[in-house]
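Each of the next two complexes has chain A plus one more chain, namely chain B in the first and chain C in the second.
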Partner chain A sequence: MPVLYASLLTLFLILIPGIGIGLFNMKALFGIVVLYGAFLIFISGVIYRVIIWAKSPVPFSIPTVCGQAKSLPWIRQNKIESPHTSWGVIKRMLLEVLFFRSLLRNEKGRLKTGGRLLFYRNLLLWFGGVLFHWSLFIIIIRHLRLFLEPVPSFVEFIYGLDGLFELFTPPLLITDLLILLGIIYLFFRRLFDPQTRYISISTDYFPLMLIFAIVITGLLIRHVQKVDIMGIKAFLIGLFSFNPSLPKESNTIFYIHLFLVATLLSYLPFSKLIHMAGVFFSPTRNLKNSSRMERHINPWDYPVLVHTYEEWEDEFRAAMKDVGLPVEKEN
Partner chain B sequence: MVYDKGKVITGLVVFLIILLSPLWYNALSGKVEPSLKLSMPKEEKSCIEERMFMRSNHMDLLIKWRDDAVRKGIRTYKGLDGKVYRISLTGTCLSCHIDKAGFCDRCHGYSGVKTPKCWDCHNIPKEEGSKV
Partner chain C sequence: MKKAEEILNDVDLQSPKKEEQLFRKGTYCYSAPLKHQNYLGLPNPREWNPADLDWKLPKNWKEIILEGMAKLLKRHRSFRLFLDICVRCGACGDKCHFFLGTGDPNNMPVLRAELIRSVYKRYFTVSGRLFGELVGARELTEDVIKEWFYYFFQCTECRRCSVYCPYGIDTCEITMMVRELLNLVGCNIQWVVEPASNCFRTGNHLGVPPHAMKETFDFALDEIKDLTGLSVEAPINRKGAEILFVAPSADYFANPHWYTFLGYLMLFHEIGLDYTWSTYASEGGNFGLFHSSELMKRLNAKIYAEAKRLGVKWILGGECGHMWRVIHQYMDTMNGPADFLEVPVSPITGTRFEQAKSTKMVHISEFTADLIYNNKLRLDKTRNDRWVVTFHDSCNTARSMGLLEEPRYIIKKVCNNFYEMPENTIREKTFCCGSGAGLGADENLEMRLKGGFPRANAVKYVKEKHGVNMVACMCAIDKASLPQLLDYWVSGVEVCGVHELVGNALLMKGEKVREKNLRGEPLTD
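Let's look at the complex of A and B:
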């Protein structure tokens, strides 16, 4: 059922610009209004989510580490897994954000004959994640050639590297294939792994399908129904200089591509996809493992009124002595 | 109350700078032209196919021409108006589009597409040592 809902929603999203452009030619709506709206929602949504996280206090020092903490000088500390300095935290965070290091520890339990439960290292999820995220990153970088004038040399370099195989004209880009591979793996992992399937809901499938549709429409306008890149770049630069003009392009697939990207942008801040910003706010990752060196102050702490035994005895000493109760201090 | 105000604001500013890069990059470079001016042939008014087709699909046509001429030995192509053209980059295409830098390179540079392999074998007209 979750898969059905997600696919219906994706189809519906494809149909909106399909009908809007294909039948009614609403270029101003899908080429300008929707894009500005989505961009505005994206920026303000991300800022909104980030500020909410920044306002949430972290009461306890809870880094999740899996290595030896800083201890006595003759015990070797695991500096990457269990950092006690800010610099160490930055290193651990970078490795996590760039290479998904924690996924390397992914293990899968299997019940062997005789009731033995064995755990196997399973790197497939890590590999699928790397394929997907890195391809997406490179795809975004090389899209900059349609936004920046003159095209920066690193964008040109990456774009050239991506089309290294020179298969077809224009060359088929490697990351387009790799991201499809990544999405297909991540999608079928949810479907075929019973435990993962059990916890997967429609909002787990939907982003994968949405990005899949974006990649497919992108491939179509690059290789099948080719579009006029000059016109599109002029149109995109116009949008970013607040001087929008109606795109001259009449290819419906191009507008579907744009609309799906706009959907992704406006959906991102309010969905699981905001892990893009959220990863930096995970207290289990962004805190130092230094709870034995520095005191972590709970921001909720407020002065509590206490009445210690000493104060209590001072108050009632005379009465206690009268009835013969033992006292700690005589006066 | 916002915790780690400095770090959060730095992060947000970096995010916005990257996200809005088209805005400041294009403004700073000042190289954006309202419309891309190509050096077009003066005598001819139409290419062998429609203008929009040539804009988005010229690479397919060139590849087809290469395959036809080099691999199949076909040397003629029937164009838009039924006119028959001789399949030759140097003899047909470049006879009108004589200015590579002002024609090919303009769009290819604009869209960050390195000029493909045409010039590995073909002469660039007007260039020194060129036979055209």
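Let's look at the complex of A and C:
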């Protein structure tokens, strides 16, 4: 059922610009209005979410420590997994954000006959995740060449590297294939791994399908129904310098591609995809393990009702004196 | 009680099956007794039973919960963030000991959190308000409250899932938040509220009054005299001592904690430590942690207050798990700054404990490891030759402190036979005993045994491979729950504290030839 909902929604989203452009040639709507709208929602949405997180305090120092803490000088500290300095935290966060370090720990538990519980190292999820996210990142970087004039050299460099397999003209880009591989793995893992299937809901399948459709339409306009790149670039540069003109391109698939990207952008801030920004705020990873070295402040700390020593001694004084325990007051 | 072979029969990790009947006997904890709800001044005090249909919630319970949620979301970044960013990748799924022992999908951390995430979506997000079930949102009903109670008192706040999560999402945080919410409508368990109430009144969870504590201490000193021939002192409430020592109260009342207690007393005597125990701050543990941050603070306040009253320079803490979560991550924030104390310096070795320079409280294994490293103790390892030892990291000292090498160093210096359990069941990946976070009651024994199964399974492995017959640990809850757990799953493996092993190995000045270990058993078989 969740897969059905997600696929219906994706199809529906493809049909909107398909009909809008194919039948009614609504270029102003799909080429300009929708894109501006999506960017506005994306930027303001992400800022809104980040502000809400940033506004709520971190009252306690709660890092999840994954290694030996700083202790006696002769005990070797794990400076990355139990950092006591900000530099250590930065390294920990970089490893987490760039290389998904925690997923490298992943293992599968299997219950064998005779009640033996065994664990198997499992790097597939890590691999699929890296494949997907890194490809997506590189794809976004090399799309910059459609927005910037002159094209920065690093973008050219990445584009050149990505197109090393010159099987077609224009060259087939490696990351396009890798991201498809990543998405297909992540999708079928959700569908066929019983545990993951159980936890998956439609909003887990939908983003995968959406991005899959974006990649496919992108491939189509690059390799099959080719579009005029220079024309599109002129259109996009106009768009981004707030001097939009109607795109000359008449290829419907191009507008579907644009519309799906716009959907992704406006969907992102209000869905689980916001993990992109959220991971940086995670207090179990971005705090130092130094809570006995430096006092952590709770901004909403308030006085509480305690049982004072005096009240306590009042209750037990007589019995304490009987057994010779020292007391503050004689009676 | 089912047999060990049968209890796993319906567990299939590959096709998770939801528990059909919540609140089956043996799976849940009893509610808090009225007397203790009243003593602590908790909301909606009443006699009630989780197995009953009517939970006697206040009329406006829904309003209370939603208001409470709004407040917690404002106060804790972790809460909102963890509800927002989970992508349900499933990496946490089979990392929870309760899932591995029950196969119940709601025990996968991702779905445990989803129990409240769904409500968060419905009332606090735009997409949930608009699209409801389609995006995984659901209405808050009384059944949801019951489900929360069942599953959030089936989480031991061990934080193992947080190690594996790519965003560090910590189910412990979620569980703490939901328990705060349940408290607002008066739903908490006996095994949390009663010890907390006892602790508030008498100073310790077991509710032991000071004079009874004194008698127990005298009894321990007699035992040490029998074993070693030495007259050892145990100063209590002594003003002007250099160090205040605080241990979990189980150490001086329960078994096998008792032998660790003897170990402390012998060690402190041998090095001539200028220290004192306290009857007011007679509890290191803090069941407030399993209830609410407010109650945690109320109970924890005693330690600094007593250190100030007695005029000590710094505080030393005994072997306990959750106690150290509170001391390491909460105490200074809640009840500090401890500016009336000094940065801890070992009076024996001169080592300055920089890692505790603000909180001013040192863990006993840091203290003892430093003593041994500086050759201040004479030790005879052979006195522990009876044991083939493995070490069980307690969740809190491992994942909240990173106290991993200190106890291992000590054990290797006092024992000849030490073997580690498999790598993915120790250190930061350690498995909970299944009874933490206030779940160590009798009535939920079946659930505890299931939750403790992964830990027991690893012990069984080293028992068969290396002949391990002793699990050393540094946690009072472990010491209370592991013996029963191991009896059930493994048999023939005992449980001890690290300082019991120290006490055995310690060569004391003027002691008689020791024939027995602290348990009164011959030193070797």
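Structure notes:
Operating definition for what follows: the second predicted complex is superposed on the first by the 303 of 331 C-alpha atoms of A that agree within 3 Å, B and C clash if a C-alpha of one lies under 4 Å from a C-alpha of the other, contacts with A are read in each partner's own complex, and residues count from 1 in each chain.
As a convention for this text, contacts are C-beta pairs under 8 Å (C-beta built on N, C-alpha and C of every residue); 3 or more make two chains touch, one makes a residue touch a chain.
From a predicted model like this one, the values you see are computed outputs, not experimental measurements.
In the overlay built on the shared chain, the residue A:196 is in contact with chain C alone; chain B does not reach it. Legend: residue contacts after superposition of the two complexes on their common chain; A:75 is shown touching chain C, with no touch to chain B. Once chain A of one complex is fitted onto chain A of the other, the partner contacts of A:105 are limited to chain C, with no touch recorded for chain B. When chain A is checked against chain B and against chain C, the one touching more of its residues turns out to be C.
In the superposition on chain A, A:57 contacts both chain B and chain C. Of the two partner chains placed around the shared chain by superposition, chain B is the only one that A:230 touches, whereas chain C remains out of contact. In the superposed model, A:176 makes contact with neither chain B nor chain C. Using the contact criterion defined above for the overlaid structures, shared-chain residue A:162 touches neither chain B nor chain C, since it reaches no partner.
By the touch criterion defined above, A:283 lies against chain C but remains apart from chain B after alignment on the C-alpha atoms of chain A.
When the two complexes are superposed on chain A, the residues of chain A that touch both chain B and chain C are 56-58.
Per the touch definition, chain B reaches chain A in the complex via residues 1-5, 8, 11-12, 15-16, 19-23, 25-27, 29, 31-32, 35-36, 52, 55-57, 59-60, 62-63, 107, 109-114, 116. On the side of chain C, the complex with chain A involves touching residues 4-5, 8, 11-16, 41, 73-82, 84-91, 93-95, 100, 105, 108, 110-111, 114, 125-127, 134-136, 159, 162-170, 173, 200-203, 209-211, 214-215, 236-239, 279-280, 293-294, 297-298, 301-302, 305-306, 309, 327-330, 332-334, 336-337, 351, 354-359, 361, 366, 369-370, 373, 398-406, 409, 422, 424, 427-429, 453-454, 457. Of all the residues in chain A, the ones that touch chain C in their complex are 5, 49, 52-53, 56-62, 64-72, 74-76, 78, 81-82, 84, 96, 100, 102-103, 105-111, 115-117, 119, 125, 129, 193-196, 198-204, 270-275, 278-279, 281-285, 289, 291-298, 300-301, 304-309, 312-313, 315-316, 319-320, 322-326, 328.
Per the touch definition, chain A reaches chain B in the complex via residues 43, 46-47, 50-51, 54-58, 144-152, 155-156, 159-160, 169-170, 226-231, 233-234, 236-237, 240-241, 277, 280, 299.
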